[in-house]
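There are two complexes below, and they share chain A, which is joined by chain B in the first and by chain C in the second.
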Partner chain A sequence: MIWLLCGLILIAASGVPGLFTRREGAGAERLACGLILAGALPCAWALVFACGVPRQAISWAWAVPAGRFALQLDSLSAVFVAPLLLIVAAGSIYGLGYWPQLRNPATGRKLRLFYGLISAAMLLLLTARNGVLFLLAWEVMALSGYFLITTEDRRVEVRRAGYIYLVATHCGTLALFGLFVMLEQTSGSMMFPATASLPAAGGSLIFLLGLFGFGMKAGLMPLHVWLPGAHAAAPSHASALLSGVMIKTGIYGLVRLTSFYADIPAWWGWTVLLLGAVSGVLGVALAIAQHDIKRLLAYHSVENIGIIALGLGLALLGRSYGQPTLVVLGLSGCLLHVVNHGLFKSLLFMSAGSLIHAVGSREIDHFGGLLKRQRWTGLLFLGGAVAICGLPPFNGFVSEWLIYLGAFETIKLPGSSLSLSLLAAPSLALIGGLALACFVKVFGVSFLGEPRSAAAAQAHESPRVMLWPMGMLLLACIWIGLLPTSLRPVLEQTAADWTGVRSLPRLAGEMAPLGAISLAGWLLLGLLLLAGWWLRRRSADAPRDLATWGCGYRFPVSRMQYTASSFADGLVRQFRFALRSERHGGHITGLFPDREDLFSHTPDLVLDRTLSPLFTGLAGLFHRLRRLIQNGIAAIYLLYIALALIILLALLGF
Partner chain B sequence: MFSRIVLQLAVLLLFAPLPLGVINKTKALFAGRVGPPLLQPYYDLARLWRKGFVFSRTTTWIFLAGPVVGLVVPLLAALLIPFGGLPAPVSFTGDLILFVYLFGLARFFTAAAALDTGSSFEGMGAAREVFFSCLAEPTLLLALLVLARGAGSLTLGALLGPQLAGQWQGGAGAALGLIVVCLFVLLLVENSRIPFDDPNTHLELTMIHEVMVLDHSGPAFGMILYGAAMKLMVMGALLVRLILPWQTASPLLDLLLFLGGQLALAVLIGVVESSMARLKLPRVPQVLVGTTLLSVLALVLVLR
Partner chain C sequence: MANLLLLAVILINFYTLGSARLVACIRAVALQGALLALLPLVIHGPSGHALLLGLGALAFKGVFIPWLLLRAIREIRIRREMEPYIGFVATLLLGVLLTAGALIFADFLPLAKEHLGGLSVPAALATMFSGFLLLITRRKALTQVLGYLVMENGIFIFAVLLSEAIPLMVEAGILLDLLVGIFVMGIVLNHINQEFSTINTERLTALKE
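Here is the complex of A and B:
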């Protein structure tokens, strides 16, 4: 535990030396990266150690009222801490190439300071066992996140995204203040209650507050308003950290909160399940409609949070209905997907950063043909894309498979209302199909075909310092995909820690044969490599200098390729009831039409269609109200005073 | 187990192209032609095997990955499914999800390989393929759920076990009937047959699967055709077992029954292709949503 604390302090302080060095020097950024790596090592050591010793804790007196500096690393924390460390370390190395101080003298120091701070705050938050300490860490995380998002605060849209994030995160924090106060009244102390120690009675309001506060951070569907803009605005390795790790703190909060209760009302599980299905399907549908690669990836985070919530919902239902198998499968799927999504989403954000670094644009339709110019980036992005679609043999498949098994588990219980949760399976299938469509689009349009802009034709591969960290993340993805059995003890321990029940079913054998999945993965990979090697050898001396057949047209140009928007058009139209995309122009009239432009745009469902008009309307209403009351006529003000006096007198008199 | 794997793969590899020949022969009979020989698909594969490759200068290694994945995936998927009365060589809890997602992997790489050529026609085909498939995916899952409910197990082998015969006579007959309809529609969609796609048209604008593989040539194209034939047989195996759930004592008879069923299915596809026109593209999603609703109905029937 002391190791973890040492590492935490090193990581938190990693950006501080940079503040005292020259603006243009490159030494400080190397020092910051070194400090983060030096801090991550003892933390990882503590993590390895945690597997052996079940309970490690420190609990020091703290001068803050009701506060106590209590930290503990149990398996539930460890599942969230492990990807955090890997992603933080990978991101800090990647940052050396992506955001070098020499080229960003104005923003580099700020970025590194808050990168270290947010990482340390998340570590503290995930291990804190006291409400005050948790809220402190939560707030440091939220504010550092704001400064990461507004790194390039000279740009208007960045400031707007940061502002929306700030408002959203504080709405969430407000709910969390309420949550911890109510929790204190139930349990009698600000310390976290022990597992399964609270009765469900009176817990419903606490759960709703938690669902709002934590759901806001996680980006569950109606509360995701801040997420797409914020993740698009931040520098890519910061987006990777925000999307890969920070939003998971919301999931951590929900998992931790529900672990306090001995029995769970059924409607908690149903609510989480429903929100998960809505986030999953609408998140991926909104993602398909995007043109900006980082916005698209951000919407995929909403989708994946939906999948995670599906798993959590199944686990909660399992506890309500007394189905230990469902608990183990749902929770393992949920937590494994937390880890997996952290890995492949940060990989995708970093490789998207590599594209942006090379082409200088975030529009998918400005890329094209990049696999030839960025071989390694392309390969890494492809790995991430296959993993996020949940396809074998990568890690995304394993976690989705566990959630599927959980959903199918309910089929064995005839006549129970639990059977309704079966519908998690087809919604997961729909999510998977849509995600596949989306990533075929992104990969195909950005990396394949001919370059779609002059910048894409001139693109160059990113430096090694950016490629190696991504390679590390891809290796972790492959590892979980091919050797899922290695994570079995951790997942089983977590389920036991969450429920407080020691004798849960094991994640093996008939129930969830992870070994068979691993074997199938190896077999698939082996056969693919073998057939690929043969075909490559057989086609080695084939001519490669011909043009693609243009269906009879002699002079094809790269603008004739299918664009990202046209690829997605069918699906966007299918989901028009929810997406409400806008199309401008494109009306061709006459036999010899003039030049015509078509422009399509999909605004966010909740933010742009609901909240913005609502708040604008409210602001207008209050503006008018204020003009009516505060009208600048002194006589009227005197009348207010007189009226107030009379009313007060009347009230006090009776 | 090893011998069962070898047997299953041998049946698949030897038999897979034959139903395509039967479909073409049926269509020729309907049109009053003699038609190509029954074994024409085999001749085509042999011809492509001997040919060389032609590559566009736009393409990368992804272009070759498409055929490779398209060939390997049906091979692996075939190991998970029983061929009629022959039990599945490999069977474990949750293999049905692996089955569904393996085909997802094939779709990813086929569509990516199509986009690799930079041709707008192939882009069109890829877009339609992923669009229609993602609407088809929930139906497949729902159909498997209905079967899993009847079998009380989560392995494909048990799902298509001998209990099916009893279920047809029992209360679940109506649900199974609906599932058969849904699976037949899925078979036509996933294997690019009329009325959803036309494998024979030479108007690129209207094709889906065929247009995606326009630029492939030689053995790579052969791998695609072979993979498609095996996919038809593997997905057909679901349907054949569902309709002919009887089991005899002799494995040989079981195999013959299964192969007969596959050929009958091929004739049925041929009849549908001869008697129907291609649907307008905007109608295809409507049909697919319709089958999803049908399968939901089937699920409700077995859950009540």
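Here is the complex of A and C:
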């Protein structure tokens, strides 16, 4: 545990030396990267023992009222800490190439300072066992996140995204303050209660507060308003950290909170399950309609949080209805998907950053044909895309498959209302299919075909310092996809820690044949390599001067290709009832029509369609009200005083 | 005897509310102050404390402040309150309603036993409300000063009830506050007059945030 604390301090301080160096010096960024790596190592060392030693904890007195510096690293924390360390380390190396101090003298130092701070705050948050300490870490994380998002604060849309994030995160924190105060009144102390020690009675309000506060951070569907803008605005490796790790702290909070209760009311599970399905389907539908690659990836985060919530909902239902198999499958799927999404989403954000680095734009329609110019980035992006679509042999498949198994588990109980949760399976299938369509669009439009802009035609491969961390993440994805059995002990231990029950079913054999998955993965990989080799040999003598998607023209131009909008148009129309995309132009009349333009734009369902008009209206109302009340006439102000006096007297009298 | 005094105070309230002539209003308020100066003696008997309080009140409320105000009025040469926010009759009616309300309301207050039944508490409330009403409805800065004075008179009635409990220093402090307040208002009054060549306060609305 001391190791973890040392690493945490090193990571937190990683950006500090840079503040005292020259603006144009490159030494400080290498030092910061080295400090983060040096801090991640002892943390990883502590992690190795997390599952073996039952109690790894420190508990020191702390001068803060009701606070105690209590840390503990159990398997539930470890599941979240492990991807955190990998992604933080990968991101800090990647940042050397993506955001070098020499080219960003104004923002580089700030970015590295808060990168280190947010990483350390998340480590503290995931291991804290005291409510005050947790809230402290939570607030440091939220504020550092704000400064990461507003790294380029000279641009107006970045400031707007940061502002929305700040408002959202503070609403969430407010709910968490309420939550911990109520928890303190139930359990009698600000320390986290032991697993399965609280009765469910009186817990419903606490759960709802947690669902709001943690759901806001995680980005569950109606609460995701801050997420797309914030992820798009931050530098790519910071987006990777925010999307890969930070939003998972919301999931951690929910999982930790539900572990305190001995019995879980059924409606908790149903609520989480329903929210998960809505987030998943609408998140991916919104993702398809985006043209900005980072916004698109951000909406995929909403989708994946939906999948994670589906798993958590199944596990909660399993506890309410006394189905240990369902608990193990649901929770394992949920937590494995937390790890997986952290890995492949940060990989995707980093490779998207590599594209942006090369082309200088976030619009998918400015890319095109990049596979020829950025071969490695393309391969890494493809790996991440296959993983996020939940296809074997990568890791996304394993976790989604566990959730499928959990959903099918409910068939075995005919007649119970639990079998309704079978509906998780078709929504998961719908999510998977749409995600596949979305990444076919992204990969096809950006990497295949012909360059759509001059910048894309002159794109160059990113430096190795950016490619290696991405390769590391892809390796981790492949490892989980091909050797899922290696994670079995951790997942089983976590399920036991979550429920407080030692004799849960094993994650093996008939129930979850992980070994078979592993075997099938290897076979598929071999088959793919064989097919690739064969195709390569066949295409060796094919003519090379023809453009991709040339449609039979001898001299095609890049404008003949599918654009991001036109490729997705069919699917977006299917979801018109929910997305309400705006289309401008595109009406062709006559036999020889003039030049015609078509634009489509999909504003966010909640933020742009609901909250913005609502708040604008409220602001206008209050503005008018203020002008009415605060009119500058002294006599009216005196009237207010008299009224206040009379009301106070009346309160006293009656 | 005390109730008679208080009745006179309430009647003077009505007079100030209904009168447009500033000089008459100032004189009425001066008379109110002088009557109130008698109140400690009547309620608590001729003790040293009561005597001191009465003399102080007479000197400030009955003589000094009215003299200041009359001098100010001579300098800025106005005699009448024109066009108040709410008309004189309406103000008077409101004053009657508020006084009736104060009488009813005082019955509901959790008072000490010796204060029950007397006119003191309702009169204090009614006088404070009248002061507020003057402040709210009038435009001229001078009438607003009068409003403050009337309101202070209401507070004074309350204070007399408690004069056994409140040390002399506190009362002296309140009187001093009032005096300083009137001085400041007088100075502000002159400045408003010089700046806008009127003492209507509505010109001051441009100062809002």
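Convention: the second predicted complex is superposed on the first by the 631 of 654 C-alpha atoms of A that agree within 3 Å, B and C clash if a C-alpha of one lies under 4 Å from a C-alpha of the other, contacts with A are read in each partner's own complex, and residues count from 1 in each chain.
FYI, contacts are C-beta pairs under 8 Å (C-beta built on N, C-alpha and C of every residue); 3 or more make two chains touch, one makes a residue touch a chain.
Predicted model, so just to flag it, every value in this text is computed and none were measured.
Q: Applying the touch criterion given at the start, work out whether A:527 contacts chain B, chain C, both or neither, answering first, second, both or neither.
A: After superposition on chain A, A:527 lies in contact with chain B alone.
Q: A:623 contacts which: chain B (first), chain C (second), both, neither?
A: Neither partner.
Q: Once chain A of both complexes is superposed, is A:632 in touch with chain B (first), chain C (second), both, or neither?
A: Second partner only.
Q: Which one hits more chain A residues, chain B or chain C?
A: More residues of chain A are touched by B.
Q: Using the touch definition from the top, say if A:390 reaches chain B (first), chain C (second), both or neither.
A: In the superposed model, A:390 contacts chain B only, not chain C.
Q: Quick one: classify A:642 as touching chain B (first), chain C (second), both or neither.
A: A:642 contacts chain C only, not chain B.
Q: Within their complex, state which residues of chain A touch chain C.
A: 630-636, 638-639, 641-642, 645, 649-650, 652-654
Q: Any idea which chain B residues touch chain A in the complex?
A: Result: residues 52-62, 64-65, 67-69, 71-72, 75-76, 90, 92-95, 97-98, 100-102, 104-105, 107-108, 111-112, 114-124, 126-128, 130-131, 133-138, 140-142, 145, 148-149, 152, 154, 204, 214-215, 218-220, 223, 285, 292, 299, 303 of chain B touch chain A.
Q: Hey, which residues of chain C end up touching chain A in the complex?
A: 85, 105, 108-110, 125, 129, 132, 135-139, 144, 201-202, 204-209
Q: With touch defined as at the start, can you tell me which chain A residues reach chain B in the complex?
A: Interface residues on the chain A side: 369, 371-372, 382, 386, 389-392, 397, 400-401, 404-405, 408, 411-412, 419, 422, 425-430, 432-434, 436-437, 439-441, 443-445, 447-450, 510-513, 516-517, 520, 523-524, 527-528, 531-532, 535-536, 538-539, 542-551, 556, 558, 560-562, 566-571, 574.
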